[in-house]
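Pasting the structures in now, so scroll down.
In the two complexes that follow, chain A is the common piece, with chain B as its partner first and chain C second.
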Partner chain A sequence: MLSSILTGKQKSVLVCIQDSLEQSGFPLLKAFVQHAVDRKENHVHIICYEHPTGKMKNGLKNSGEDHVHFHDCFTDHRGWIESQKKENIKSGVNTRGNSLLSVLQSSLVTSTNDCVVIIDSLMPLIYYNGFTKCYRELHSLLTKSVNGLAVSQVVCLVHKDTLPDAHAALPQLCHLAATIVRVGPFTQSSRGNPIAHIIHKKQGGKVLKRAEYYFIDADNRVKSEDLTVVVPTTTGMNKEMIDDSNLPQNLTTFKLSLGQQEKQARSQLVLPYLRRVNSEKGGEVFYQPDAADDWDEEDPDDDLDI
Partner chain B sequence: MASSVCSALGTDKENLVGKLIAVEENHGSNGNFVLNCLIAEQIQKGGGVCLVALHNSFGHYHNIGTKLGYNLRQLQEKGRVESIEILKLLNGSLNTAHEDGSEQNILFGSEEDTVRNIFHLIEEKIKKILQNIKPVSLVIDDLSDLLCLGIPLKEVLSLLQYCRTLLDSQPGLSLVVLTHVAEGDEQQNLLTAGLCHVADMTVSICGLKTGQSSDVSGAMKVIHRRWDESAVAHEWNRQNLYHFKLLDRQVKVFAPGTASSFT
Partner chain C sequence: MNMAVQQTSFQKKSKSRVPYIPGSKQSIQNAQLLVSSGVPSFDHAIGGGIPVGTVVLIEEDKYGTYAKLLLKYFLAEGIVSGHSLIVASQDSDCENLVRELPAPVQLDDSVRTSDSDDKMTIAWRYQNMRVVQSSPTSTSFGHNYDLTKSLDAEILKAADVCYWTGCTGYGQSESRFTNPAYYDLLCTIHNKIEEGQFGVAASPEKRNILRTAVHSVGSPLWTEETHVSSYQQKSDLALFFYCLRSLIRSAYAVCVLTLPSHLFQETSIIKRLEHLCDASVRLESFAGSEKETNPVYKDYHGLFHINQLPAINTLMSHVPESFDLAFKLRRKRFLIEKLHLPPELQETTQREQDDLPSLASGICGVQTRSILDF
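Up next, the complex of A and B:
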């Protein structure tokens, strides 16, 4: 799944990589850059907000080719150094247009093909321009063409733990993105490799969910495999133990069950409301004739030959 | 003193030039000793230091320096050490606050101007030392104190980014930044996470969860990040956990469970 998104077999308009301090998504983003560069179909715009461009170029193959464009939005991102050089400190800072659209508009690349935009981190953009503006720009980048440039894919990185109001902002980003890759640290079943939880929304509307572990080699090539959850052999036993622990007799300090003798004693006890049946004698009929009774001394069945 | 900490951090084997070391000081602990050890190592190597003191005064560092075997004030006269004491600047600013437009009044005005002025001050000092000596460490203690001055997170992160720009543009510079994190303080948490995301090495200092101990002062977690290498399993995000004991003239660093009383 991860490699098919990387190679472009699975079309995805906006890929959003979410990482945290536990596991950085930077190597994965670099792999996305490498794949986009190697495809050579489109112009690739790499916008560096968080790191100097050198850090991204380092270890990247074929980064000097014509179709690869780096945009440095890291150095002097607010124009402090520039304004000092002009010696107009007191006249206020000329804010550099560091927004996504202005960066792409200022690049003088024209091509008939669509281009791929890769953003090294949305965080500075969100801090300085605000989340809503950043969201709007991403959206218009995907829908409209900028300065004659149509964008076929945007890949961006977001740090979950530095995002202000993450509980509101993250779901919104996820809604906009066609593919969300949540990067997590290794577990037992991933053999020491980082894990990617992928949610991919196909153009038809089908949503795919996968968990994979991936490995990135020195050429920024990604190998990924499905994450198979290791099932411990004692699972069944554990389940029973968990069920047992919820029973009241395991929770209370009182003795709730009966022993053998107690059960016997209970069965022998005759409760006062029960009918006593004397089974030793046979059946008996008591009859007391009253004064008006017509008592027949003779046996009424005398004539019968029994 | 410094050698035990530096070997735990791996700074004795690794060249720090061009790197950012983040020191995360969790509430209930004091990470100042890490800064002092790094300063001591830098001076022993023959390098220079630019100290941005927000939390402790320059005198504090001088006093510790005398215990570790160097004299910061003498080094300052020689031009190997520069210091920017924000607390003193703040004091000066308060005194001249009513005189609008004076040179000293750098900490009043819009929030962006404040941070920009601090950056220009740092830049100036760094360039001054780099003319004399290389390598130079820029030590900021502690960045989260700017939040306490009422400067918004966004501006503090801007300052950090500009300092990282210096790292890129001035060869021979390394950056050491300390931040304090109190649990539940949203701003401090965001700042520290933002710092650790871009750091090459994170040193996290925290007290013992179980309380005080006479043998252990706290725990130190060291995380190395290698950006240029690919993500090879454990190697990429290597972690090391140590316990340490602060003594008068030295810091003992040992593996958890091997404190002197146990052995």
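Up next, the complex of A and C:
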């Protein structure tokens, strides 16, 4: 599931990776970058808000190719260094990197193909612009073409433990995203690997839910496998009991089932509550007196005038 | 002479007060003018159809797919009946929504006649019981739609459709809304009613009905980036519903809104909105929930909850046979049915669905058994 989203086999417009301090989602995001770069179908825009571009480039194969574009919003965040210069103070605050659209518009790359946008963290944007504005921007990024760039996929990272108003904002983000990957630390059943809870909404309206553990190798390739959690369920216990001990067939030496002939004989037996369709008119009494029967020859009712 | 007087006192109602408008019919119960929602079983569930002049609220399922589908059926029915439309959404592309509208299809009901050849031998008394009709079969009112075919482009071109995808720039100086989007949409609907002479007081040459569909009202895209508290924003939404209702009530118009209520934190707001509508239903899809695998629900795609039914010009609203409703989606029809439990075929004492819930009951069961064993 995870790998099919990474490779693009499962189309997803907006992938939202949610991580926490316990388990970083950055390696997984990097894997997304690597897969997008290797596909070579679209231009890849990587917007770095939280880390220097060097950290993203480090260990990334083919990162120097033409279709890969890095946008550095980390050094000189919101242009505070620039704004110290005298000429900039007059012209107001430089708002470089303030919005996703302006970052993409500033890059003079035009192509006929759609592009993939990868945002290393949405958090600085949410802190400064507010969640609603950020939400709108993501939505408009996906629906409108920016400067001749149509966006086919956005992959973004969100630290869910630091999100302001998380109880309201997280469901909204999940509402917008086509795929939500919730990254969590390892458990016993994942063999020391981090776990990803994936909710993927297909185009047709089907929703897939998976829990997988994944492993990222040195080439930023992801191997993932279904997480099988051993939970003792009551249904399982009941089924077992029924199968083994509770069935009377296994307990007795009597023959409890019916054979074909016996079944046929049973079906021919006329039971009192069955409806008899072709019965003759009037009733008949069949009585055969046996030896011990005290048969009264006289009519006991002969004194009555019937 | 006397006879003549009696005859004049009894007058046959020759001319109906209610004007004839294509795609509408009069209710049998209360003579209310009804239009179809585009889903015959939906009409059946809410009492024959949507009364003209009412606002219907559909609370979206978690992933919004089925609510959007109902909205599409509603719009497609409008186009097929030749009504005027307003389509409003900030979340999805309205023109795309209209382009994807499904095409009407004629269903052959002949397949549904079941053969009653297999005679019951033991429970023969049940043979003459009437077959339980969980969904209406006659489709004289409204149409069924084939989801795989989209409506003909020529028909769409001829239809009167008005789109609203965000603020169009109505002056908002004197408005009482903090959020301009709601005010703007109200103005758009108001103008459309004026222009198209849909008002009750207006007397156009040919009466028509205005169908307004608002998709995902109150979603995060509707909120403004102001410093107003979220509660203020939500009460803006309630004010919008209030004004909308009065607007629709005084016109030959119906309005269907879908609301992503699962994104709302305050349930009081949702209740308030339900109150402010004439009819309110909620869809609960099984997609992605535990109920998807529950054997009770295996024949259905979700549950259909009725919160409120329209009661206009009458004291009593329509009371459906059952409130336990479920829906399923077929390629050629969207069906809302009475929820039936599947037949119990296993010979276990416990039913399958009873096994599912909690671990605690299982432990309890084990304990009681040990007492019995002793």
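In the analysis below, the second predicted complex is superposed on the first by the 223 of 306 C-alpha atoms of A that agree within 3 Å, B and C clash if a C-alpha of one lies under 4 Å from a C-alpha of the other, contacts with A are read in each partner's own complex, and residues count from 1 in each chain.
In the analysis below, a residue touches a chain if its C-beta (ideal position, glycine included) is under 8 Å from a C-beta of that chain, and two chains touch if they have at least 3 such contacts.
A quick note: this is a predicted structure, and the numbers were derived from the prediction, not measured.
Q: Thinking of the overlay built on chain A, is A:51 touched by chain B (first), by chain C (second), by both, or by neither?
A: After superposing on A, A:51 lies in contact with chain B but is clear of chain C.
Q: Just to be sure I read the superposition right, which of the two partners does A:273 touch: chain B = first, chain C = second, or both, or neither?
A: second
Q: Output check: A:220 vs chain B and chain C. Expected answer is one of first, second, both, neither. What do you get?
A: So A:220 only meets chain B here.
Q: So, does A:193 touch the first partner chain B, the second partner chain C, both, or neither?
A: It touches chain B, and chain C stays clear.
Q: Of the two partner chains, chain B (first) and chain C (second), which one does A:76 touch, if any: first, second, both, or neither?
A: The first partner, chain B, only.
Q: Chain B or chain C: which reaches more residues on chain A?
A: Tallying touched residues of chain A, the top partner is B.
Q: Between chain B (first) and chain C (second), which, if any, makes contact with A:27: first, second, both or neither?
A: first
Q: For the complex, which residues does chain B have touching chain A?
A: Result: residues 112, 116, 119-120, 153-154, 157-158, 161-162, 164-165, 168-169, 189-190, 193-194, 196-198, 225, 227-234, 236-237 of chain B touch chain A.
Q: Looking at the complex, which residues from chain A come into contact with chain B?
A: 21-24, 26-28, 50-52, 54-55, 58-59, 74-78, 80-81, 84, 89, 93, 123-124, 127-128, 159, 161-162, 164, 185-186, 191-194, 215-218, 220
Q: Hey, which residues of chain C end up touching chain A in the complex?
A: Touch residues, chain C against chain A: 63-66, 91, 93, 121-122, 124, 219-221, 223-225, 230, 260, 262-263, 265, 287-288, 348, 350, 355-356, 358-359, 361-362.
Q: Give every residue of chain A touching chain C within the complex, in rising order.
A: Chain A reaches chain C through residues 129-133, 135-136, 139, 143, 167-168, 171-172, 175-176, 199, 201, 205-209, 232-235, 237-238, 242, 271, 273-275.
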